Each structure stands twice: as structure tokens, then as C-alpha cells.
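Here's a structure for you.
A, B, C, D and E label the chains in the order they appear, each numbered from 1.
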């Protein structure tokens, strides 16, 4: 890799793997423990906006992949928009022990994203200020976005069990 | 004759008010390139509302609406609608100024008991807007009363009939222009439709009204429109010698008001008050100064 | 016929008895000043009707004036002597319970000497005799200021001593100058011949005497000892110093200026000086947080007001000034007495430490409140008629200057009201943290305070009780020919 | 009935109340009520009498006289009735508070002093009672401690400045005419020079204006009214500050005389016009400051200032209608403002001292009677037709318009709109909207509070429907001032230029209400639901959050806030700061070094001698 | 206006008023609401049929449930429906309200709305066009005419069952039952 950011990351952190995505975005794969330091590093490097945190359930591999999308807008010399720079940060956590350090200390905006992921994938974020439900109104035994969640079964068990109104009775 | 007017003028106000409500919807529809509802649509609406089972939040909730509508009817009794006003000798224009505020006040008290913040916000806006248009309005009314030296509406009308109507005579022309500028605010239509803003505050003071309450509030709205317009016709356009002419004059003023309604977007409260305290106030103030210095 | 000489002789004799009595019983020693003051009070009041008709001139040693030492008991003298006796009586009653520790016998001796000195000053008709009594007054007060024996008291006493001594020295030089000029020390005699000599030496003598006496009278630039001394002395002594001593000093100044020098041309200067003293006193008091210093500064202000009134020199204003003297003696002494026990209970001189006193010492606080109301000049208390008289006489003069000045006087009254009422609020309405038990001042102290309260209210409602005396006193001060005539015969 | 006896009962009652309080609290309460009732009866029995009695031979050569006539009777009856109601209200309000004996005795003392003020027949006794009134008021204002201390201080200082100005005025008059009795002074004033009369008016005007809180002497009033105990706020706002109005009426129309007063002025600037303009300013500024207050009592206090503006505008405008309107408005304001302060008192009592408009709400569900009287009081305050405030304001407006003073009329009318804003805020934030959870178990106001409030609210409506009752009395007073009669009818005023007929309005209102009510009831019946069933866009109503009362007029506030600073008050505060700084600076003269002191003495001596030798001025 | 109409007006003015003054609650429950703006504005002008949107549930008598209903939305729908004054009509708009539509197997959307509130009529389609709304309105008129738009009566009558169904999905509700079951039944029987 000849990407200057990649070089700097390589020099700073151990175990950082750099990949280039199909759309030319740089993806930084880090171990679970390095999420916060690398995020901090990237933020100081200029990537000051956390666009989203996403999650992929690799059920075959038995792990979740957390994807952090960071970006910043560049300017040229006269202050005109110079386009957007983006970088992906990826980390995996095992399914059995689904927990990751929270990024709220670095990016305050991470709070709702992490709440959402906690709600839908059941990943626990250590140190998050309030991991309360964000969208869902009901309790689910298995978080609904996990691949092992059987929606058809769930609908049959819950919604279809509600009896139709007996108009005569 | 006077006893007859006691019955006739509220009925006329009711009919004309409801007609204006329907006409305004039709008018707006035509301007917006629509067909619009039939002219009698407000009647259907009121009938529908009247037979719906609503909820009451307490005795004041009922009483406030009734008070509001009743006071609007009483204001009508002060208006010479092309004849003599039934209550001409009971306090004159000053009493009208006061009674006109009972309508909003009744709604405000009633809505207050409903414990709905949308209502409170609406009332707060209504009162602020009222402070906005009262400045020029009071200047206009004072200019008229000072100019004609009386506080009775009937005498102002009579005096105009002897000479020219106020809007066509020299110092009062300023007052007339100022009145036209604040007319939309008094009628509560765009660009001053901040009170019953349906999209933000769920139609404001009427948010908790359903069924008969809404029916009464609708009628009250119609009457408010009627009073605002008839006040202009009486005070500045010389009234009329018979109800038909009076009605025609009102129609013209109404058309003006709703043309503004259709043509302009809505202002925020502060923008509205800022506008009302700038141009209309300035013009009304000039009128008042001229009246106070030049006189008749 | 009772002789005014008794007013001096009996207390003086009793004062010398105090140590003897003290040997028998320390407690009994405290009653000697009570007896002496009571005697003086009775005698003064007995004599008052007489002197209203005609002043009594008593010659010590039997020599006719101007050769012998003369006592002149006019209405002013009798009034002030009665006032001194009254205040002395009440304060000595108070001292019975208040002065418990320390060399009490010496306290009572000195206290009596102070009263004798004060009475002597107001009664004497002889310049040198004035000086002597004045020294008795001053020296006993130097000692009494340091009575408590703490550092502040001794420091204040030394300051007082230095300034007082300087004043006395100047006074003595002035008297010497007068003697050199006229060869006599009799006031009436000097007064009769005052116009016969060159004016510059007379003025120098007058300046020396006024400055010398003015130190004690708390006239503006000369009064720097007062706040320290009044706030460091025991409260009973503060009451006497504020209520009696400085007023006697002022009396002496006025007597010299009015009667001896007949210097009506300097009076306007005194009006301004009085006003300045008033304003500075009140403004300084306004900024005070120490209750006794505040009262002391207020005394300066009151002295300024009295001087202002006296210097206007019309019958009405001098009546008002004398009235204000009476009112100030009663009110300020009462305030010091009340504050004495309040400070004793709270253990601090800070005004803020008086919080909740209204609950802890209700009667004392009540007395304090009456004193404040009176001093500020609210009806129906004694301060009201006195201020009323002063303002009325000043306004009756029809001069724009006086009207402006009276405006300033009223302004100073507002300032006075502001700081005093702040204390009342603190005493009554500030919520204190810990509820302490209710424990009022001892009965004797309360009795003494309520004697003052009674006088304040009664004279406040019926000012006519004393206006006759005051008016004849005013005419005595203003008409020096009568004075000269009655002494020299 | 002798006036002396009346005052003895009043003052003695105050003293005895305190002493009885040491014996038994119940006896004291009963006695206080009894005394205040006795005062009402005694004053009422004096109706229509006019006489004078000397009661004190000569206070420093000035005889003190009591007198009664229509004017003083009107104020005396108002003072005694309001005092009585306030004492009754206090029975509940002061329960469990400390130092109640002191409170009751001071309250009675204030009432006694007010009676003394209005019954005085000469200026000196007026001044004496005035001062007693001032200091007893000071003690009551400071009663609550805390912020009340600063309020009391401000009151005392301003009031004291006023009364000293008055003292100067009184004594100047004494110096000029040798008598202080009203008749004698009036005789002397008729031949005095205009400049002199003007000076006297200004001196007295400072005193009366401070008490009546006209701009720019109003600064003491808002804190004092809001920090005093509520029953006393009612007295303070209802009648005590109206002593200033009494003073003005006395001064303008009895002592100076109508004709002199109206012709007084410097060049083309007439004095009474200036006073009217001050009245107009007093209406406008405080009204708009009141709109943005968050403390219920402070809001009412600012409103008091504004209403005092109406009264001053009325009586200084100087036509028969306006003076009658001003006097009537004084009476009305006494009634409805006392009522409103009592309402706040009752709320404060039940909520343990909460009067913050942002944290109350919905109390209509808990205190319905209190709400009804509050609405009546507010209607009176706004001047809704068929309440008393309407009639008095109508009189003032009418004369202002007909006398071609449209700008003054504009101030008065526009002030009414401001009044609506703050009145509605007052009603809404206390009584309407959502009931906070912590007040759900609140009880109604006790009977001793409801009784005076109900009486006052009945009076509000009675005077509104039959204004002829008080107007007849007021008309007599006006005639005695030299105005022409008003042609009072029981239901209003008969006049060619616009009559007032409240009976017409009453009939119309009743018929209208009944008809509309019938129409309303003929519709579908509605289901009664509680406050929890309110439209919240499909969500359940959240407790304690579904209320709009904080920053009620936020848009207006954003617009107007920069212009609504009470700059007079900040000027006074700065002045007080300067005086304190000056005092602090002057204190430095006393350096503490005895050497400096000795130097002062010697320098003073040296300067004296030097000046004499150099210029020999003496 | 034909004679038939006139006779209807004279015979049953209330019913006619309810027919020609359908005020829809302005409540956007799902994606179907995108069809409402063209319906009420110049292109299709629903106002000529008396159909206008209103701001609050209190003022409305027509509830147009536009699209899928998630569990959370269901709560608001029930609340809004209960707050509408009677008589009131509900129209399910789009397939989702009928059987869940494309969200038939979602973990979080209910798939049969009429288990929870009574529905007077459905408009099928994904999305139905604005014309379909007019068809629905005219159909609703017919139903009202024939007293068949009686969802609100059914709701009262079977309130206990509806409430039970609602609580099955939503758990414990935040507001108490709006009808006492017996009272509701009694009212319904009295009104026929």
C-alpha cells in the first residue's frame, strides 16, 4: 500500500490491515481492542465526521463485523469544495461474546448508532451511556437483525396468534 | 323596529358569516385552480360537527365556547348593519373594543382547561398578534372618534353620510389605508394565519374541539370575519342605508382580504408583529397626528 | 433655696466616697452613682422652674464676679444638667448588671467624675473653671474607654488621649490668650469687653478655644478619635460618651462662641461645618459593618445636625438644636445600652451577627427599635418633633441657601434611615441558622432601657412638656446682654 | 360617632392585639377580626357626615385637627373594608407562621394609620399618620425575610425621601400661612404665586407619587408587593398605595383648587398635562414589563403600577368624567387587585409558597372557587364589560377622546391590551393547563380565604352591573371639587356624546348566553374526560410535560426584551451603590494613624487662623 | 341536485351531513400518505367531495390509515381512533393494512389491521392511486347511506375483544379502557 494514511497507520498501530474497496475507499481492518485508538487517530487525522456505524452478521464465520464510516470534506486553496474523503474502519467481534468498546468518547454521534446496533444485533457496547431501546416496542429473544432470527416463525407466533374479532360475540 | 333588529342582526351576521366561510373556501379553491366545495359546505360541516359526540374537559371548557360565541353576537348588536344598531346607546365603540376581546378570551379560557399545549401556544400567538394589530387599529379608531367627536358607531356612520365617507376624506384616508393593511391580521387569514396553524400546532386553540364545540367555534370564526369587515364598512366606508348595500360593500372588502390570503405565504409571529408595527402603524400614526392637529 | 453648687459638690464628694464604699462592698459601690445622679436629677428639676424665671448665679468663695469663680445656672445649664443626671442615673442602673468584671470600684469612681466634669462644664461661668471641669471629663473618659483592657480599647484610649490632650493644650493656650487680653477669666466679664480689643488676637483665641473644645465636640476634622473610642469602650460608657460627653463639648463651643465671643459672623461657617460633619458622619456610618462604629459615626452626624441647627441662630432653630440634643441623648444612649447586651449575647460586633436577636432578646430589640425610630425622626417618637423644629425654623428663614442646605440635611436623614433600618431588618427578619434559647437582658438593664423608651415616647407625643425650657434656653444662648447683665449684676 | 374614638379604637386595637397574642392565639385572632369589623361599622356610620374636630391642642404650636367629608369617607371605607377582609384572609394564611401577633398588630396599625391619614384635617397630622403608616408598612414588607429585606429597604428609602419632601412642603406652607388646616391653607393658596404653588405641588407630588408608585418613583413597588405576605400585599396594593391618590386629590382639588390647578404651568406646558403624560408612561412601561414576569405576585405588582397610571391619568386630566373615572378606578382597583393578591395568597398557601408561574398549572381542577373569583378579578382588571373595571376605564377613555387627547387615550387603551396579555398569562399559568402530579391531592382553599375573595368578587360584578351606586358617591365628591355633575343613573351615565348603559349590556349578555347555551346543548352530548385524555398526536399524554407555560410570550419577548429594561430602577440601584462607595471612600479619612489625626487638628487650626489673617472674612 | 338527494336531505339530514363532510385526520402512518397531497390539492381536489384534512383527531370523522402499521404506530393509531368523536369511519389504504403487504413477514409490522381497530373499508393496491381514494369515498357514502359504516359501533360493542387484541401486541397500555364494557354494550343496544 502506498496510501499515506495507510503508511501512518501502519507505523502507529500493530495488527492493522489495509484493504482497498471496490469503489476505491480505503478500509482499515483492526482488532476489536484497537477500535477506539484508531478512531481517535483518524479523528485527529482530519476524519472528523462519523457518518454511520453499521454491522454485518457473518453467521458462518461466527462473528459480527462492525463498520465505521468516517469522512471529511476537503477544501482547495480558495475555500471551494474539494470533494469528500472517506475511510472505512472495520472490526470483528465474536458472536458468542458480542461486545465492543463504545465510540461515544470519540464521536458523540456514535450514541444513537450504537444504540440501534445494540437493539437490532444485540452487541453490547462497553461504556455506552444509555443502551436503551431506540426503535423497537417489543422484546425479542433473539435480536431481530441476527441471521438466526426466524421472522416467519416470529410473525406466525406473535401477529398471527392474535385472533380475529368475532363480530357476533 | 329596534326590537326587530335585535333578532335580525344576529341572524344576518350568522348567515353572512357562514356565507363568507363558504365563499372563502370557494374563493381560495378558484384561485388555486380547483373546483372547491359547494358554497353551503360550512353548513354541512357545522351540522356534521353538531351531531358528533365529542369530549368535554370540564365545565369551563363548555362555558368558554358559549361565552365566546355569545359575546360575538353581542358585538354584532352594536353594529348598525345598514340600519340602527340595537345596542347603540350602551357604551359605543369603546364597548365594542372590549367586547371584541371576549371572543378570543372565551376560547382561551375554554382551551386552557383542556390542558393541551397546542391550545396554549395558539392562544399565546393570538394574543401577541392582537397586540400587534391593536396598535394601528387603536390609532385608527381613535383618529375616527377624535375626528367625529363621538364614541358611538351610529353617529360616525351618520356623520359620514352627511359628508364624504371617511376613507375618501383627507386626514382619515391614512386611517383607511392602515385599516386595509391590517385587515388580514384582524380576520386571522394569511399572511397572519399563525393562530390556528394546522400543521404546526394542530389548529391551535381549536385543537381540543370536536363536535358541537367545533361547530360553535366555526360559527364564532365566521362572526369574527363578519365583525372585522363590517367594522371597516361602518367606520370608514360610511356604512349603508339598507342591509343590501351594506352586504355588497362587505363583499368587496372581503374579496380584498381573501385575495391577500390567497396570494401570500404565512409569516412567523415576530415577522407579523414587526410588519404590523412598521407600515400600518406608521400610516395610522400619521393619520392620528393629522387628525389631532388639523381636526375636522 | 437649693444652690446649684450642690449639683457639683455632692457628686464630687460621693465620687471620693466610692473607693471607701467599695472597700466595704464592691456591690454597694455601684449604687453610689445611682444615688448621686438621682440627687442631681431631683435638684436640677427642682431648680428648673426657678431658673426659667431668672438664672441663678452662684459665686464660689463669696467673691462677686468677675473676681470669684462663678457658677451660672441658666435654663440651658439646668436642662443639660438634668439631662446629664438622667442619663447618668439610667446608665448607672444599667451598669449595675453590665459592669461585673474588672476593677468595678474604679469604674464607678471614674464614671462619677465624668458626670461631675460634665455637669461642671454646663454650669460654670468661668473660662478656666470650664477648662478644669473639661479636663476632669476628658481624663476620666480616657481611662474609661480603656476599661475593658483589651488591645483595641487601649489603642483607642491612647489615640483619644493624644488628641484630647492636644485639644486641651490648645484650649489652655486660648484661655491664656484671653487672660492676657482681658485680665479676667469670667465669661461675662470677657463678653462685656470683647469689642474693646483688636479683633485678630481675639480671633486667634477663639480659634484655639473652638478647636480645643471641638476635639471633644466631634466637629468634622477634629473627631477622628470618636469612632475608635466609642466602639471600644464598654457600652455603658459609649452611651455616656455619645449621649453626654460630646454634647457637653458642643455646648462649650456654643457657649464660647455665642456668649463669650458673640461671634455672629462665623455662624455661617459653622452652619457649613455642621452640615459637612452631618454628611460625613452619615455617609461613613452607611458603609459600616460594625454596629458600635456605626452608632459612633451616627453620633458624629447628629452632632453635625445639632451644630447646624444651633448655628442658624434663630430662636426656633436653637430651640430645635437643644431639642435635638435631648433627643439624641435619650435615643443614642438607649441604642448603645441595647446594643451592649445584644453584642454581649452574640459575641461579635458585626451587624450580621445580630441576626435573630428579635427572637432571642425581644425586649432589648424592641428598645433598640424605638431608639432607631426616634433617632431617624419618625413620629410618634422624640426625634420627630426635634427634627420638625429644626426643619421648620430653617425653612422659616426664607433664604434659598438655607432651603438647599435643609435639603441636604434631609438627604442625610434618608441615609441615616437606610443604615439604621438595615440593622432593624437584621435584628428581626433575617432568618438565623440555629435557634438559640430566648434570653433577654437582665431586669435592671431592661428597666434602664425602658426608662429611656418611656421618655422617648412621652416627649415624642407631648413635645410641649419641654419646649418652654428649650425656648428660654434658646433665648439665654442668643441674648448675651441678658447673660452679662445677670452675672455682672 | 367621634373621629377621635375611631382612631383610638384603631390604634388601641392594634396594641391590644399584640398583647392578647401573648395570652392566646385564638383570642387574638377573634379580637383582630372584631376590631377590624368594628372599624368598618364605625366608618360606615359616618356616611354623608362632614365635620371637623380638633384633637390635639398644639403640637409645637401647630394644632392637630380631624375632619371627615365625602372624599375622606370614600377612602376610609375602602381602607377599613379591605383591611377587615385582609385580616379575615390572614386567619388562614398566617396559620402556623411565626410572629403572628406582630403581624396582626402591624396590619391593624397600618389600617389605623391609613384611617388617620384620610381623616386628618390638617397637614401635620396627615404627615404624622403618613409616617406611622410608612414605618409600619416597612416592618410588614420585611416580615418574610430573605429577598423581602432588600424590598423593604428599597421601599423605606424611597418612601422616606417622599415623606421628607412632604415634610419640607408642609413646613414651607406653615411658614407662609401660619396654619396647616386644609381650609386655611386653601385660602392662602388661592392668592399665592403660581411658582410657589408649583413648588408645593412638586414637593408633595414626590411624596404622593412615591406612595402611588407613579413612574419614575415606582421602583420600590414590584419587589415590595411580591415579597410581602399575600394578605398584606392585598392591602398594600389595594389601598395603601392609594393614599397617594388621596393625597393628590386633596392637594389638587381641595388645597390648590380646581381652577388654579388647571391653569398652572410654565409657559404653554400645563402642569396637569405633564402629570397626565406621566400617568400615560406609568401605564405603558409597567404593563409591558408585567407581561414577562414569572412570579405571580411580581406580575400583579407591575400591574398595580400600571393601574396606578390609569388613576393618575384620570385625576390629573381634570375633567369631571376623568376625575370621576380616576376615583372610581381607585375603588375598583382596590377591589380587584386585593382579590387577585388574595388568590395568589390562597395558591401560595396550598402549594407551600410556590408562586412561580412556570411551575404551577391546572389548579382549576383542585381550586375551582378560587379560579372563579380569579377570573372575575381578572375580568375587572382587564375591564371586561359588566365588571367594575370597564366602567371606570370607559369614563377615562371617553373623556380623553372627547377632549381630543388621542395619544393619552391610545396609551390607556393599548395598556388594556397589555393587561389582557399578562392577565391571561396569570390565569393560564396558575389555573389552566396540565395539573402537575405533585398537586393532585391538593385541597381547596380554606373558608377564611374563600369568604373575603368571594365578597370582593361579588363587589366586582355589582359595581360593574350597577355602577351608579359608587358613582353617586363619587359624583358628590366631584361636585364638591367644583366639577359639574355627571348625571349618574343606577346603570351608568346619561350623556349626549355616548351614554353608558350596563343594563342593556347585561340583558343582551344574558339572552345571548342563554340562547347560545341552548343551541349548544341541543347538539350531541359530550363525554366528560379528564385532563389525561388530551390530543397528543396519538401518544399518551406525558405527565408534567404536556404544558406550555414557560416563556409564555416568547416571540414577543424576543422582540421587546431590549426595550423593556427598568432603567429607572437600575439608576436608583446605581445611585445607592455610589452613596455606599462614597461612604466607603470617606471612611478612609479616618486612617487609624494618630499622627494623621493630630495633623488634622493642627491644620484645621492653622487654616482657620490663616484665612482670618489673610482675608479676614469674619 | 336530483330529487332523490333532496328527499334524503329532508329525511336524514344528520346522515347526509356526515356523508358530505368527511374530514380526514391528518396523520401520516405509512408511505401511502404520499398519495394524499395530490388528492387534496389542485390536481384531484378532494374538497369538492367535502373531504378535507383536519389537524387533530378531535375534529375529524374519517381515519385514513395510509400504509404499513408498525407496532409503535399501532399504538398511536388506536389512540387517535379512540379520540375521534363518533360517528367515525376508518379506511385502510393499501395492501399493508389488509394483510401486511410487502411487510407480511416483518418482525415489527402487524399484518391485519382489523384485528385491532374496526375498518369500514379497504383500498387495495400498492400504492393505490388518488382516484382509488375517491372510489373509496363514494363507496363509503353508500355504506353510510345503508348504515353499514358502523365500525365505531362494532368497536364499542366488542371493545373487550379489541382491547385484548391490542394488549396482546402492545403489552400493557398507557391509558385506561375508554369504555366500560357493560356501558358500551348498553349504549350500543339502545342506539340499535
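Note that a contact is a pair of C-beta atoms (placed from the backbone, for glycine too) under 8 Å apart; a residue touches a chain by one contact, two chains touch by 3 or more.
Every value quoted in this text rests on a predicted model; they were computed, and no experiment measured them.
Counting hops only between chains that touch, chain D reaches chain E in a minimum of 1. Common neighbours of chain C and chain D, by the contact definition above: there are none.
Sorting all chain pairs by how many C-beta pairs they have in contact places B-D at the top.
Compared with chain C, the chain whose C-alpha mean position is the greatest distance off is E.
Centroid to centroid, with C-alpha atoms defining each point, chain A and chain B lie 58 Å apart. Chain A and chain E have centres, each the mean of its CA atoms, that are 40 Å apart.
In whole angstrom, the spacing between the mean C-alpha positions of chain A and chain D is 68. Remark: chain B and chain C have CA centroids separated by 78 Å (rounded to whole angstrom). Residue positions 56-58, 75, 83, 85 of chain E each touch two or more of the other chains.
Of all residues in chain B, those touching 2 or more other chains are 51-55, 118, 202, 207-208, 211, listed in ascending order. In chain C, no residue touches two or more other chains.
Every pair of chains in contact is given here: A-E, B-D, B-E, C-D, D-E.
By the touch criterion given at the top, residues 524, 532-533, 535-540 of chain D touch chain E in their complex.
Across the complex, chain E meets chain A through its residues 70-72, 75, 100, 104-108, 110-112, 114-116, 118, 154, 158, 161-162, 165, 168-171.
Partner chain D is touched in their complex by these residues of chain B: 50-58, 60, 62, 65-67, 69-71, 73-74, 77, 86-87, 89-92, 94-95, 97-99, 101-102, 105, 108-109, 112-118, 120-121, 123-125, 127-128, 130-131, 134-135, 138-139, 142-143, 145-146, 149-152, 202, 207-208, 211-213, 215-216, 268-270, 273-274, 288, 291-292, 295. Contact residues of chain E toward chain D in the complex are 27, 56-58, 75-77, 79-80, 83, 85, 174-175, 178. The residues of chain A lying in touch with chain E in their complex are 135-138, 140, 144, 149, 151-152, 154-155, 158-167, 169.
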